[in-house]
């Protein structure tokens, strides 16, 4: 049975690659008028730590989302309109990540950090929903899946994405009061996905 | 018979993927000097609704254009200079979409909204013409098409793109007087394309 | 004999697709503070004609360069360090095109138009040289070429790129005195390449 | 034995292509208000030499990194989590190159040139480490490598990247005192990589 999803995967890979590389455009060099001496430049670079943090966090978040995107599409062999648009919804959110990243970079170290972190964790709640939606559509119509996939493999993947949802929701909820903790949860979830993406692989064999 | 259009499709996919991802560059984080507190950031984010509307509308417009681009190229097996340049014209317009998007984002909620919407609906009139042109060139030379394609399948596709033309033209025409209605028509057309792209699929089998 | 150049072509296609799509970033929407009413927006859009001209010219220039890049690589089957770096030089110049484009957009309609046009035509002189260099390296080592390519086919391609050189040089030379004429020559050359790229195709069969 | 790394290579190629093409966004055309006449434009273009230098240096640095990336992945047939994330680390640094490039462009010709060059050479130290890390993970698990690769071929590649490390470190170390010399070392290393990438090729056969 031929895989029908090659073009969707190719296009999606393109969007992931562009979105991850565009993040750097929010690292701005200072104006020459404002920074002149070595110590001024050093001080500027140090003051930009929130920008580096946001850049690094978003880069590896998109990277792991890309890994997971492929893990899911390895199990999907056919496509229908539902899969096309669930995937479009994922790409929409992935391409938008640089906006909350810029908000986080500018406002994490200030009075508005709770709103900045809430928007940032909020987009990952939405992304989690979009991955669950894609997998829900695919797994509820076994004709779309890789022939020979076992029910336990399907369930493992289902659980993997479903368990993420309440955790992202909690991170979102507490960002209004404790933005730093909410961001820390986000980082821990990132490590969880990096590790769990290895575990799903086992399920495929 | 081998398909000759692989490289055109690959290049076009690249342009679509980049154009759709570059849209995010018009979502600007506010300057730290202007926005400081949580309530100021919230107020800023709320005031940006036209930007989010324009971003969302253009993202899914390009996404559906990409789906339709592939639907058409699934039927085209050979290429000539006409197809190369009709396709170049499509890519030119697709890559330009972010400019009317930025105009819409900035001016939809103001005195100049009719001009902003007219330019925005205007580019979709041109894009509709470019798709009609590509299909006209391809379908009037059956040697370029997929072997075994039926006349009724050709006609279905022809009608699908042709019917869009007057509707986009009407949207363009009324944007000068009723920009909000014109934009609403644009959104309805977007849903029509999303649905109809499923219908064309049937015609291919 | 297997073609060894697939990865160079894929990477080059990516750079061409990105360079052509990034051009749009120099189409700037006006600030809301400066433009408010419909007639102000219309007046702004009209005043931007040099930007649209530069965008259109550069888009189709890169598009035709991409077509020609593929025409050449259809004849190249093996690669060596020379081909890698001649191609790298082409990509360097192609990716840089947006800079002279921005200069042309801003200064064509003003006192500095001769310098702007000279830089703009100058980069096309360099690009012509880089294509000649690539083809010189490839065609002087027949082991690198498509097996069975005829000498007359090789010569046709050689002449095609070689004849462009003096014409670009003339356009460059007169831009200092007659920038508008130099730009017009550039446009005529664009049409020449569009047409001639069809002619080379004949040579391949 | 099938190569498992096609998707990693495709995604990486995308990031390299985008990162190399985005560099041009730091070539800014001057404002019309500041530059008006031909001689002012010429003077502006001349004053931008550090920008051109940084652009050229970074373009060919990323280009050669891309060549080397492929050289390494030609030897890797299987992947594990370590390879995924070592590669992710490479892509992270490659996509970030445009930031030190912008710092170099703005500050090389001024009081803060030592810090600008230190950051610029610093990122290449990190990139060298990331390549060594990728190759270390791959070469210490022969099951991941191309079947039939010889120990001497492995060693040649190991040495090639390992020898770069102290040299980049020296360039980094002296940039604080002699930024111009440090940058010159960087350029010489660039030429070394260009030449040595030809030599590794021999090792593959």
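Worth pointing out:
As written, the chain order gives the labels A, B, C and D, with residue 1 at the start of each chain.
Heads up, the rule we're going with is that a contact is a pair of C-beta atoms (placed from the backbone, for glycine too) under 8 Å apart; a residue touches a chain by one contact, two chains touch by 3 or more.
Which protein is which chain? UniProt says A, B, C, D = TMEM175 family protein.
Bear in mind that the values here come from a model prediction, so they are computed numbers and not experimental data.
Between chain B (TMEM175 family protein) and chain D (TMEM175 family protein), the least number of touch steps comes to 2.
The chains in contact with chain C (TMEM175 family protein) as well as with chain D (TMEM175 family protein) do not exist; no chain meets both.
Look at the contact of chain A (TMEM175 family protein) with chain B (TMEM175 family protein) and you find different residues on each copy: under half of the numbers used there are shared. Distance between chain B (TMEM175 family protein) and chain C (TMEM175 family protein), defined via averaged C-alpha coordinates, is recorded as 26 Å. Remark: chain A (TMEM175 family protein) and chain C (TMEM175 family protein) have CA centroids separated by 37 Å (rounded to whole angstrom). The multi-chain contact residues of chain C (TMEM175 family protein), meaning those touching 2 or more other chains, are 14, 18, 22, 25. The list of touching chain pairs reads A-B, A-D, B-C, C-D.
Within the complex formed with chain A (TMEM175 family protein), the chain B (TMEM175 family protein) residues making contact are 13-14, 16-18, 20-25, 27-30, 32, 35-38, 40-42, 45, 55-56, 59-60, 63, 66-67, 70, 194, 197-198. Listing the residues of chain B (TMEM175 family protein) that touch chain C (TMEM175 family protein) in their complex gives 7, 10-11, 14-15, 18-19, 22, 25-26, 81, 84-85, 88, 91-92, 95-96, 98-99, 102-103, 105-107, 110-112, 114-116, 119.
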